[in-house]
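Presented sequentially are two complexes of chain A, the first with chain B as partner and the second with chain C.
What follows is the complex of A and B.
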């Protein structure tokens, strides 16, 4: 027993990397199809977007993540875009993270193409703004003060989608998908100061920080990381808005197996620690 | 064809980064330096095309009189003063725009932070909802008690005896539960990043899954 404890304590960490890698790869080759059940915060987010259908009011989507957060938040953003386009909700996209502009443009173009949506009529990308604080304050008065042109450099009045859109009041819902601090600014200014309705998509690391805002009603829904994306995709599939599994749901089998491996490793680590301590304590009486 | 080439480049760079898990090596260093260089170049281009050109250069070129009359030269001067930090003798000039930024941010943010993150949070914490049945009432009461006990843990002005002892000990349990939830979410986030890369390698590069 003590030999096992010593072996575990001195285990080369590369074995752990290998074990986690195998636990992530195998479910892609042999899917287990574990069920994904939407939780209340994700359902609330879905319902908030659903409530926009038929109102004609656009969805303001802030794309605030960079390639490092794409694995988690890309599926969230694509699921939200799919939902909006499937329900003919106009989408206005903005961006406060420099390396996120390219991701936003790509996702927007690809998802819009699936639904035959037209740029400038059904959706628009206003581009990158370096100052989230100033932009959110200005948008309370006039969107054009924060984003004078779209990402191609054309003035906003030349687009049909922006005809009657001036401030938060003209958006049916604001969604911030972020891997950084932008949600706090949205809550302080867009929600508290200007009364916008907000839904948050956040990386799993950040999600636990935003539950107090959800509980206080300061945000209407919360989509946390890849798991949140999988739940949103489940709702899209159940409502016939998605034809096949998205990246969120595809990753859930791997996520579950990897978590099981990590729980096992935590148990083994603690076991070896206590066995080692018991052995050392035994020598000293 | 271009897509195939870029996919191969991305896949090989991913493998270069993963090779660090075995041990530090020149391939990892190459990928690391490449990323720093590309990111720097990308940010400079973005600053020029998305900020400086549309917000500074174009308005000046289009209508210099209107640009001047609209006092838009003030932020440009502030921007140039920030660059004064690059010179040893002129570095003090950067204090003016910095003072403006600090003053503006503090003035704008303090009332909003108090409103959004203190008052609204306290208000929602002490509201016990009786319309959701016994589970809701129990959950809301636990939230009130847990918040008060967690705050008690950070109350250092009195010795931890009697009531303060028990409440702060319960506060520690509440904090531990919070840290546990955060750690669980962190593990999930890290695994998600690995899943994203594995999905890219297996689907977009190797085509072993559809």
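What follows is the complex of A and C.
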């Protein structure tokens, strides 16, 4: 018993790293296809986007994450874009993190191409603004004050999609997908001050921060990390808006196994702790 | 209070020396802060117009801060390279990457298919993703070494973490069908109650600090301890 405790106590951490690596990689090679059931916050987000269909009002999507958060939030953004394009909802994309502009540009063009959407008519990318706070306040009255041109430098009035779009009132829904503090600003300014209807996408570790806003109705839906993306993709599949598994559902097997491995490590760590304490107690006794 | 004729000292009060260098930024911050507060409650078009201009300035100031940050970064690394400090080759890599990426972006543009975009997709994205993914390994190692049920509080935290971790992924339902329900209950009630308490505390703290800034009592934003 004491040998087991000593072995666990002195376990080389490279074995732990190897175990985690295997648990993440193997499910990508041999998918388990674990069932994904949409939760209420994700269903609410889906319904909020669905309600835009046929209204002609665009969806404002803020791409506030950088490549570090792409594995988690990229699938969220792509699922939302797929939903919007499948339902012919115009999409206006903005961005408040410098390296997020590249992600937005790539995801937007790739997803739009799948649905034969036209830039300037069905979607537009307004580019990066360095000051989220000032931009959100300016957009409450006139989008052009915060984003005078799109990301290519052309004035917004030259695009059909922006013809009647001036403030939050003209957007059917605002979605912020963020790995940082931007959702707080969206809640404080876009929602509280200007009455925008907001849905949030956040990394799994940050999603719990936004539950109070969800319960208070300040945010209409919440998509938390890759799990949230997988749930959203499930809803898209069930509603025939997606032909095959997306990145979120593909990643769920890995995430499941990695979580199970971490729980196993916690159990083993505590086993070693209690065995060690029992042994020390025996010696003292 | 004692006035002083010799510049730059303007007057002294409560043991503090005030001069224009100190008074002007505080007065400006107070004025803009009070105006922003007042216009929130007075929807007159003239106030909205001034507020719009102030916000446009705000965007320029933030953009200026990015430029200042870049200048500071370049100066810092140039000094390290010039004096051949420890790890100076990394500074050289930083400088070369910075100028090469920015230069290529300015020449080719940033759209898909450009060299800039190729650098972004094939260098920056995998590098940042790798850095972020290392967290999984460190969390796994830390959970084994440090997450111990030493006392009642730690045990409650540990059990909660295990339930939420398993309940939030599909494997949790396979282990026990009630796991997602318990995890969601913890997020909806226990988590939200605690978060609300913290948020209300933070909100009150922000309001108190804002009042101190408006009245010039809090000046740490000027690099002033007073």
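Going forward, the second predicted complex is superposed on the first by the 285 of 285 C-alpha atoms of A that agree within 3 Å, B and C clash if a C-alpha of one lies under 4 Å from a C-alpha of the other, contacts with A are read in each partner's own complex, and residues count from 1 in each chain.
Here is the rule we use: a contact is a pair of C-beta atoms (placed from the backbone, for glycine too) under 8 Å apart; a residue touches a chain by one contact, two chains touch by 3 or more.
Keep in mind it's a predicted model, so treat the numbers as computed, not measured.
Student: Touch test for A:138: chain B only (first), chain C only (second), both, or neither?
Tutor: Only chain C is touched by A:138; chain B is not.
Student: Which partner does A:192 contact after superposing on A: first (chain B), second (chain C), both, neither?
Tutor: After superposition on chain A, A:192 lies in contact with chain B alone.
Student: Using the touch definition from the top, say if A:101 reaches chain B (first), chain C (second), both or neither.
Tutor: In the superposed model, A:101 contacts both chain B and chain C.
Student: Between chain B (first) and chain C (second), which, if any, makes contact with A:181: first, second, both or neither?
Tutor: Neither partner.
Student: By the touch definition at the top of the document, which applies to A:4: first (chain B), second (chain C), both, or neither?
Tutor: neither
Student: Considering only the touch criterion stated at the top, classify A:149 as touching first (chain B), second (chain C), both, or neither.
Tutor: In the superposition, A:149 contacts chain B only.
Student: Kindly classify A:25 by the partners it touches after superposition: chain B alone (first), chain C alone (second), both, or neither?
Tutor: First partner only.
Student: With both complexes overlaid on chain A, does A:247 touch chain B (first), chain C (second), both or neither?
Tutor: first
Student: Have a look at where A:118 lands relative to chain B and chain C in the superposition and call it first, second, both or neither.
Tutor: neither
Student: List the residues of chain A that touch chain B in one complex and chain C in the other.
Tutor: 17, 20-21, 24, 68, 70-71, 98-99, 101, 129-130, 133, 137, 151, 193, 204, 208-209, 212, 215, 227, 255, 258-259, 262
Student: Tell me, which parts of chain A touch chain B in their complex?
Tutor: Within the complex, chain A contacts chain B at residues 14, 17, 20-21, 24-25, 28-29, 68, 70-72, 74, 98-99, 101, 127-130, 133, 137, 148-149, 151, 153, 184, 187-189, 191-193, 203-205, 207-209, 212, 215-218, 224-227, 247, 250-251, 254-255, 258-259, 262.
Student: Spell out the residues on chain A that touch chain C in their complex, using ranges where they run on.
Tutor: 11, 13, 16-17, 19-21, 24, 34-37, 39-40, 66-71, 98-99, 101-103, 105-106, 109, 129-131, 133-135, 137-138, 141-142, 145-146, 151-152, 193, 204, 208-209, 211-212, 215, 227, 252-253, 255-263, 265-266, 268-270, 273
Student: Within their complex, state which residues of chain C touch chain A.
Tutor: 40, 48, 51-52, 55-56, 58-59, 61-63, 65-66, 110-112, 117, 120-121, 124-129, 131-133, 136-137, 139-141, 143-150, 158, 161-162, 165-166, 168-174, 180, 184, 187-188, 191-192, 195-196, 199
Student: With touch defined as at the start, can you tell me which chain B residues reach chain A in the complex?
Tutor: 21-22, 39, 42-43, 46-47, 50-51, 54-55, 105, 108-109, 112-113, 115-117, 120-121, 123-124, 143, 178, 181-182, 185-189, 191-199, 202, 208-209
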